[in-house]
Structure formats: structure tokens, C-alpha cells
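Once you scroll down, you'll see the structures, which are given as C-alpha cells.
Two complexes come next, and they have one chain in common, subunit A, joined by subunit B in the first and subunit C in the second.
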Partner chain A sequence: MESAQSAVVNVIPPTAAKISWWGRNERKLIPYVFLAPFLIIFLVFTVYPVIDSFIMSLHDIDSLDAGEYIGLDNYIRLVTKDARFGKSLVNATVFGLATVFLQLPLALALALALNSPVLRFRTLARMTFFMPYITSAVVIAMIFRMVFEERYGLLNGMLGSVGIEPIPWLRSADWAMPALILVGLWIWVGSNALFFLAGLQTIPEELKEAARIDGASEWSVFRNITFPLLRPVTIFVITLGIIGSFSLFTQSFLLFNGGSGPRDSVLMPVAYLYERGFNNFKLGYAAAVGYLLTLIVVAVTVVQLLLFRIWGKD
Partner chain B sequence: MANKTLSRRDFLRISAAATATTALAGVTGLAGAAPMPQAEEIEILEWAFANNRIIWQEAVVEQFFKEQYPNVTLTIENIPYNDLWDKLQAVFVAGSGGPDMADIAIHVWRRFARGEVPFWALDDRIGDEKDNLVDGSALAPWRANGEVYGVGNEVNTVLMYYREDLLSEMGLDGAAPQTWEELAAMGEEIMAAGDRKLICMPDNTADYLEQMLVQRGGNFFDEEGNPVANSDLSAETLAFQQDIVNRGIAMLSPGGDPYTEQYYAAMKEGAFLFQMGAPWYQGFMKNNNPELEGMWRMRLLPTWGDGVGHLSVQHGGTGMAITNQARENTLEPAWELIRQCNLTNEGALLGFTLQNLVPTYTPAWEDPSFLQLQDPYFGDQLPAEWNFKAAEDMVVANSNPDWQIMVETLIRLAVAPVLVEGANAQESLNAAVEEFEFQR
Partner chain C sequence: MRIGRWFSAISVNIIVFIGMLITIVPFVFMLGASFRPEAELFSYPITLYPKVFTLDNYIALFTRTDYVRWYFNTFLTAGLRTLLATFLSAMAGYAFAKFDFFLKRFFFLLVLVTLTLPFHVLLISLFKLVVNLGWTNNYLAIIVPSAVTGFSIFLMRQYILSVPDELLDAARIDGASEMSIFWRVVVPLVRPGLGVVAILSFAATWNDYLWPLIVLSKNEMYLLSIGIATMQGPYEVEYGAIMAGALLSTIPILIIFLAMQRHIIAGLTIGAVRG
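Right after this comes the complex of A and B.
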């Protein structure tokens, strides 16, 4: 027994005073070492710009100089005087409504079609509808600039073949937003349909079978079983759609040749931020646009989620 | 930080240091019977946006610059037009990451021309050569706070171009109309002869409005920098554009402006028979519609009925500049490259033969190769002759740091609504200037 005890004593490490600092703290520090690469990048490229741009938004900057501190003047001017910012929010809202009321029903209908057992070449069809989503926004904008061209465009050519006069899609304040919405439909209906399709495939077939055996019509099955069970996907898609509407930039910017469309008809908040910051060099003001836009998107999303919670309780 | 000036003293100091280092190294080498040391390898990075200018600068490097600086390598990154300005702005704000040199378009230069200018001032280096340059095209556009920060190589005389072949078929002479009113009258004849139009009026750029306005004595800004884009003259000019569109003489530019694929398609089709543009625009015509070689002719701009009007107007142009982020060992070769491109007969004439751009360096004008060059695209006309005539009566628009805001506002609230939707020209221009005052 004694010899056993002395053997134990022999394997005990030297006294604490001889253990290195790293040895004593290794277990505590190792997780932070592993996290460090991400944290450093996050701090440098996210946290620092977020803080710095907020400070920038409190300054009047119109050159490479540091600018003059003006407190909340940029925000006050944006909210109380800047009609263009207001117009950009209205445009984003219109596009968002089109997303909810046009894009999503079409996406759902497409998902139902793609989920149909009678559809042949289902994988090819899914891939085809998903292609616009993974196509470069620049390429899409360039193609649609040609499609919408008044004189030589594909769309007016087709409309002309049935006797419809050429429509100035990109030139008229009345037609610019419909043109942008059409592009949005082309890009996002397919990808949203895949979200719905994923949701449809999680709904147990037995539920629908049971309803049908009880005499429910297909419409009744959809209305009472399929659609309610798709609620999480619907919330997800609508939330993404609304946020996407407020952050839309590339498509509108390129489709309208770097402009905001006739009479600002397709001016989007991010495009306005870009215009003020990069074209006009009003960096402080552009930073304020960014912050205000973030607040608005957060508020809209919170309201939306609250409404969905109420819907969920029903 | 104060504006940096690349003075003679700076260059002397750098050159002396380089020379001393080389000499010392040479002596050491001889003493040790070691191989001669190589000159320091220097890489200059330049950001540019125009293929034709890149070809020209690389040709200058290959033919002349390399002899003097065999140890210097020039790398030119070709960056899309709009991206270039965003990237430059980002690196200037960041204070690092920028190139040693940049090609800067006149219109964009203005946004860098306030506060601390992020380029080296070149006045001391240009020295007396300034007397050999066309100031309005070579230096004035890149001047800020009394200093010159870039050198432009081209005299951007806007000319009128017309389809000689199609007009001849109609029994018309494109060189005949001397005023815009006479040109509009010719437009009636063209319209009566078929589906073709006189000219395109762009609704997505204010280029034509500015050119026609400045040509007849107006401006977007007065000399004190006040906005005057809603002057009576401006309203009359825009109303004239609207009138010829409404009468069917002119068409709206396919694609919105004269730089789109749709516009070049219409040009190829012969949908319009006249267009305006600076010499650099001739490159766009040739690149996009080479098959129209020999069919176009150039001429001076028509004046206005009241006898007022210059025969040409300055439009566009690009200058070479050294950024304030240039590394010290690149300063001297960078300046030397600018000098060889812009302030030597060889560089200037190379630019002319490659690009049809009339050099701003006037001694090059004496060279027979410059005077005698014929351009087959324009029926073997002599570009030098026409550009000389234009340069004699070329007017330059007043510059302003807020020019970009003004142009964007005018397109949005005046040019497009007036030409496309038939809005009133004066009211639209008033609204645009009011909005400009808010936005600036």
C-alpha cells in the first residue's frame, strides 16, 4: 500500500510554481484562440465599419477631409425634408407588396406544380426555374435592358405581333416599376418555389389522404391542410422578400443605366445611398441613409413577425 | 494633410539619392570585381478604364519609355468606368491600397477636386511646357486650388458627323445646313423621304443639352459657381430638342444615350443620319460599326439662328495623374511617363494615330504626319484639319465640383420628362435647379 502511494506521488507533476503561465491558463484560453480568427475579422471588417459609419453619419462630409460634426442634422434632414428618400421608401414598399402579392402566389403555384406526381422531368424543371436565381445580376440586367428596349426589344416585338403599340418600359415613369417587378418575378419566383417545394415535401401525405377519404375536395385539402402547414416557409419567404425589397440595388441600378428611372420611379433606398455617397461624395449623409434604412427594415420585420405570431395563434 | 506638390526639389532629391546609391554600388562592385549591380526594379501600377488609352500608353512605354527606364514595369489595370471611381474613392478615404497613377475622366475629376486633393500637383514639373499646351483641354479641367493635378492629352472638339451616302441618295448635302434651324429643315426632308430621322436626342444623359447650350453661350453654372441651368437660353435649347422630337424629325436615343448597344444598332441600321461627338467618340463609332467605314463625314457644329454660337464645344477627355499614394520610387518614372505621353511629339502623335485624338501638345501639330493623316472611316477626310477649325472656336463649359449632382438632377427632372413625357422645359429646369440646391 505504501509503495503504491509513493508511486502515485511520483507521477504528480512538479509544484504549481513551476507550471508555465500557458499551462495554467491553457484550458481557459484555448476556446478564444480558436475563435480569434473569426473574431478579429469580425471586429475589423464588421464592428469597426459599423461604429465608424455611425460616427460618419453625424458629420457633414463632402470631400476627403474629416468633415464637420453636425449631430443629428443628417437624420433630421432625411426625415423632414428629403422627398427623394421618402420616394425611395415608397418604391421599395411597392416592390415589397408586389413580392408578397404577386411573387409568392406564383411561387407557391409553381411549387405545387413541381410537386405534382404527374410532372415529368421534374429535376430538369426545378433546375430550370432555379437558374435565374444563380445567374449574375449584371447579366440579368443587361439581358432585360435588351428585352425591354422600346424599338428593338423582344417584349415589344412580341406585343407588336398582336397589335399592341410599343411600350416605353424603361423610359416612362408609369412603366418603369412594372418592368422592375417583372424582372423580380423572373429572378425570384423559381427560388421561392423551391422553398415552398421543400415545405410541401415535409407535409405528411397521410393527413391529406385522410381528408380526401373524409370527402374533402382538393381545394379544401390545400386550404385547410397544405397552406396552414406551410406557414413557417411562408413567413420565411415573406420576411426575406420584404428585406430584399428594401435592399434591392443591382437590378434597378443596372436596368436603368445607373439611374433612378424617370422621375425617380424606381429609385431604391440603397441606390439613393450609393448615389449620395459615391456619385455626390456626401459620405456623412449616405451613412445616415444607411442607418435609417436599417432601423426601418428592423421595424418592418418586427411588425411582420408580430403579425405572423397573431396568425399563428389563429 | 496639405496638398502634395511634386516639386523640382523633390525630384532632384530622389534622383540624387538614386544616382548616389547607384554610383556607390557601382564603385563597390568594381572594387570587388563583382558583376555590375542591376538598377532597382520598379513597378508602377495604374488604374484606367479605356482600352484605347491603355493601348496608347503601353505603346509609349514600349517604344520610348523602356529605353530610359528599362527597370520600370508599368501595369495598367483596366477597370470598368463606374467601378474605377468608386474604387478610387474608397482607397482615398481609406488612405491606402490605391495605385501609383490613374486615368481620370474630366467629369469625374470634379468630385475629387474639393478639400484635400488626393493627387500630386504637377505645375512645377510641367513648367514652361504649359505654354505649349491647349490649356482648356490639357490643364484647366484638372486644376483645383490653383494647382494642376493631371494632364489631358486630347483636344475634345465636338464635331457633327453625318451619313454622306444616305443623304446623297436623297439629294441632300449634310455639310450645307449652317444653323440648327436649317438642320431641322433638312430633317423635314429626311422624314418626308422615308423612315429615317435627322438625329437622336438622348434622354438619359445631359450631354447633348450641355453641348448645345454651351455652344450658344449658356452654361449649367456661371463663373462664380451659381447654378444657371434654368436660364432662358437653357429652356430654349431644351424646348428646341423637344420640338424636333415632337415633330418627328428627331428620335429619342435608343437605350437612352449614344453609348448603348441599342443606339449603335440604330446607327448601323441608318435610322438617323447626324450625330455629335468629340474625337474620342469616333473610336466608339468605329469599334461598334466598322462596316460603316467611308459612309460618315465630319463637319463643324451648326450655329443658332440668331447668329450666336461657337463652332465647337469641349466635351469629355481624360487626364493622367499621380495619386498621393504613389510610392516614392515610382514618382519620377510616373511623371516621365506622363511627360512622354503628353509633352513630347512622339507620344502625342502616337495618341493621334492610334486614337484620332488631336493632341493638346501644340508642337506636335507641326508634324507632317499629323497634318496629312487621312481617315478612311470619314471618307479620307483630314481629322487634323477639321479639329483645327473646331479648336479655333471651341468653347469650354464652366466647371463645378457639384457638376455630377446637377447633371443627375437635370436628367431626372428636366431632360427625361421634357423629351419623353412632354413636360414644359422652363418649369422642369426650374424644378431641377431647385432640387439641385437641396441636394448639393
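Right after this comes the complex of A and C.
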């Protein structure tokens, strides 16, 4: 008892003077003590800015003052007149589709290989595939600027050895997006495979063994048992992929030297927000870009989740 | 049958090996480039490893840029933010997992909403707030605003839910105060969760680019990410030095992550696998 009370004195000095009162009300008040530090920071630096950004998006702001209220004009301009914003959404969509249709099958195949009992050097493989995921986007962009270098880059050097002419990866509007998608594959196929692997390892081996004893082929075991049971992980990976595609910034921005690529070929929505907000100081307009972008991401995610619900029913 | 098994064993190993090779080659290239003279980086034939070995890039990095200062800044802010994040999310996660209080459901809903909210929705207003607080070019701008994420609260709540109530009640019957129950019973039991929160928070600060780019403009306040990205312009250092800086900046995070890999993946997929 003695030590318990002194612990209270040590940790909560303001109420320590009234130990008996605190003792009576401790159970009721303690959750607020635990919650308060988080809640204050959360309300000030997350909830308030989310609300304030919306208010800012309804204003025409050139600097840090309040600006002039213009209703939904920023949004109307974005949707009806702003071709560059449209271009950035198209770019993000292309990148997102590549994520879903290139990254996922590759990641799943890799995960199945990683889960195979005949695999050697398993731990080393897991560590290797985790590396790009944890390396900073700045470092990755800097490496790949050298890899994609037209005359002396590693990739063109390798392609040249099999007789392919040098590709202007970072200089041509046609090749900029494929280059960015390749970087995306390099970063995320391995880590997504590890997520799938975590899912695969929750599927009981007996279930698959029973099906095999009943004469099911390996393909039908995968089609009817493994893949349906991977549904939660698949949803998780696709959702993260879509959100990631629409929030991609550092890789595209730095791979193309703080720009948007030739003819805006890799202009990403967040890079556009940055340009509007911090190069042109149109803070209200930039806030509108942020809000509209978020609405789009939420809508796409909801549609995707609904599609998965339909898939789950049959 | 036997041949089929051989075949699948070989193909599995080859698939994984090729994947590993593709993953590792750019890192090897970075390592090689950091020890190469600039002239060799832009010459034929293109090789993965240096033909002439030099330390000039590292010397240029340490003598002609503020690299050491950037390293210090990054370590300090990442460390303090991590400390803040683990404390706050453990306490709030405990409150959400084991207590009832006024507006609990509402606040938890708020946490869940921000879990899925992308950063760019609040970026502009957060920038304004930080400017008004006078926090630009200040460590506080990096440490405080994103210290608690919805994800870390959610993660800690999940971990603390699995702590049996009987254990807490037993401690109460023994006369332990609520604070000491938290420190001596709950915290030791959820160490793996705290580890995940700590690592994710540390890595988020270490690797972030957009936010520091907006709030830091003074050279001596730069973090590694900003420093490395801007090295080419004002310092007129060569590409090899950038590769050297990039390499050295990757090492701490690589060591931490590879040591804790299993815990991190388990933490990240906590929502996914349980569905």
C-alpha cells in the first residue's frame, strides 16, 4: 500500500495533495489522465487542421492571412478548368492500376514461393525483400536516377548487353511513367509478398492436405482454399496500394529532379498540391486539391471494398 | 512424380533468387558508386563495382556539406518523436482498451477515421498552424504534430485488449494504484506492440521528405532526407558523394528493421490477417 501511494505521488503531483479524494475517484478519473496527452495533441494537430483545411479551401488565399471567402469556387475550377489537376489524377490512376495488376500477381507468386517448404536461404530472402520497403524514398530516388541514366545507367547498360538501344527513361514523356512504375515494383513487390506470406502462414496445412487426399490438384487447392482465405490480406494490400498511389510524392518528385517529368508525364496529385501551395502560395486552392483528392481516394476505396464484398458472396 | 518435385524445388528457388538479385543490385550499385571517382561513374563499360577505389566522395561529404549536423538533427528528432509516440499511444491505447469514459465511442471513431485519412488533407492548415506557432526551422515542428497517429493508438489498443482483465483486477485487490498497474502490469506485457510503434515512428521521421521540406529551410536544421536531396545544387558535390550520404543514412534504419523484422510484419498485418 505504502509503495502504491508513493507511486501516485510521483506520477501525478497536482492531485497528490488530496490523496483521499483521488483515492475515492481514481477509477473514474484515471482514463482521462491516460487519454489527455494524446487527445490534446490529436485535437490540435490532426482534428483541427482537417477542419481548418476545409475552411481554407473555401477561400482565395495568397499568403497566410484569412483571404476572401469564395464558396466552392476552388473546387469548381479544379473540376472544370484545371487540366493539370486532371492530368495528375490520370497519372495516379495509371500508377494505381499498375499496382493492382502488376504488383499483386508478382507479390502473390513470390509469397507462394517463399512459403514453399523446399525453399533454401529463407531468412535471407525475407530480409532482402524487406529492404526496399524501409529504405527512404529520397535514397531510392537518388539510386534510380543513376540506374535510369540514359548513357551510363545500369539499366540501359544491361539492356545494351542484349542489344537493346538506350531508352531515354527520364527524358521522354513516353518512358517516364514506365520508369516510375518499375521503381514502384522494385519497392513494393517484395514487401507485399511478405504481407501475403504472413497471410499464407495462417492457413492451416491440414485443410490443404485434406483436399489433396480427396484428389484435388494443386491449382484447385490454390483456387478454392488458399486464395479465398487470403481475401483479408488481398484487401489490405490493394487498399494500401490505392492510397499509396494517390499519395505518391517523393519518388516521382525527386526522380525527375523536383519536377513533374517531361510534359507532366509523372505529375502526381500531391506534387501538384505542393506546387500550388508552396511555389505559388495559393494556399486555399492547394487545400481544395488536398480535400478533393481525399474524397476521390475514399470513394475509390469504398468502391473497391464493395467489389470485394460481392466477390466474397459467390 | 519425383522429377516433378525436383522441378518445382528448382523453380521455387530460382524465382526467389532472381527476385533477391533484382532487389539487391541497386543497393550494391549505390555502395560501388560511393567509392568511385566521378569520372568513372560516367564512363564505359558500366560495371557494378568500382575499377578505381577512392574515399574522395566520403571526404567531400564530411568536409563540404553539413552532413554530420543533418545526421544529428535526424537522430534527435526521430528519437524524441519515438519516445513521445510510444508513451502517448500506450496510455491512450490502455484507456480505449480497458476503461469506459465520456464520449469513448466518439473519440475512437475519430481515431479510426484519421487512420485512413491521407496526410495531404491536413497539410496546408498544419503548415499555417506551425508558422503561427513560430515552429518553422524548429525541432518541435518535426517532433510534435505527427507524434501520435491513429494507427499507433489502434495498434496499442489491440495489444492491450489481449491483456486479461483478471490480472488488472488482481493487482487492484492487492492495492496497486492505477498508475502502477499501467507501468508494472500493462507495459511489460505489451512490449512487442511498443516496439512496433517505436520502430514505425522512428522510420517515419527518418524517411519523411514532404513535411520537413515544407517546414525546414535553414541549412543547419535540415534532416538527412532534405540534405541528401538538395546536395547537388548549392554544394556542387558530385554524384558519388550523394551516394555516400545516401548509404550512410540508410545503415541505422536497416539494422533496426532487419533485427526486428518479424515483429514489424506481425504488427503491420495485425488488421489484415485477422480481417
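Observations
Quick note on the criterion: the second predicted complex is superposed on the first by the 281 of 314 C-alpha atoms of A that agree within 3 Å, B and C clash if a C-alpha of one lies under 4 Å from a C-alpha of the other, contacts with A are read in each partner's own complex, and residues count from 1 in each chain.
Keep this in mind: contacts are C-beta pairs under 8 Å (C-beta built on N, C-alpha and C of every residue); 3 or more make two chains touch, one makes a residue touch a chain.
These numbers come from a predicted model, not from an experiment.
Partners subunit B and subunit C, once the complexes are superposed on subunit A, run into each other and clash.
More subunit A residues lie in contact with C than with the other chain of the pair subunit B and subunit C. Looking at the shared chain after the overlay, A:281 reaches subunit B, while subunit C stays out of its contact range. Touch criterion met: A:30 reaches subunit C, while subunit B stays clear of it. Judged by the touch definition given at the top, the superposed model places A:146 against both subunit B and subunit C.
In the superposition on chain A, contact is made by A:52 with subunit C only, not with subunit B. Shared-chain residue A:228: touches no atom of subunit B or subunit C. Of the two partner chains, subunit B is the only one that A:81 touches; subunit C does not reach it. Residue contacts after overlaying the shared chain place A:171 against subunit B, while subunit C stays out of touching range. Shared-chain residue A:259: touches subunit B; no touch with subunit C. In the superposed pair of complexes, A:136 makes contact with subunit C only, with no contact to subunit B. The superposed model puts subunit C in the path of subunit B at one of 7-15, 79-87 or 241-249, which is 79-87.
Contacts of subunit A with subunit B, set against its contacts with subunit C after fitting on chain A, overlap at residues 64, 146, 151-152, 278, 283. In the complex of the two chains, the subunit A residues touching subunit B come out as 62-65, 81-82, 84, 145-146, 149-152, 168, 170-173, 257-260, 262-264, 275, 278-281, 283. Residues of subunit A that touch subunit C in their complex: 1, 3-5, 7-8, 11-12, 26-27, 30-32, 34-35, 37-39, 41-42, 44-50, 52-53, 56, 64, 109-110, 113-114, 116, 118-121, 124-132, 134-139, 141-144, 146-147, 151-154, 157, 186, 189-190, 194-195, 198-199, 202, 231-233, 235-237, 243, 246-247, 249-250, 254, 269-270, 273-274, 277-278, 283, 286-287, 289-291, 293-294, 297-298, 301.
By the touch rule above, subunit B contacts subunit A in their complex via residues 82, 85-86, 89, 92-93, 111-112, 114-116, 118, 203-204, 252, 254-257, 260-262, 265-266, 402, 404-405, 408, 411-413, 416-417, 420-421, 438-439. Across the interface of their complex, subunit A is touched by residues 8-9, 12-13, 15-16, 19-20, 22-27, 29-30, 33, 41-46, 48, 87-89, 91-92, 94-96, 99-101, 107, 110-111, 114, 116-129, 131-132, 144-148, 153, 175-180, 182-183, 203, 206-207, 209-210, 214, 224-225, 228-229, 239, 242-243, 246, 249-250, 253-254, 257-258, 261, 265-266, 268-269, 271-275 of subunit C.
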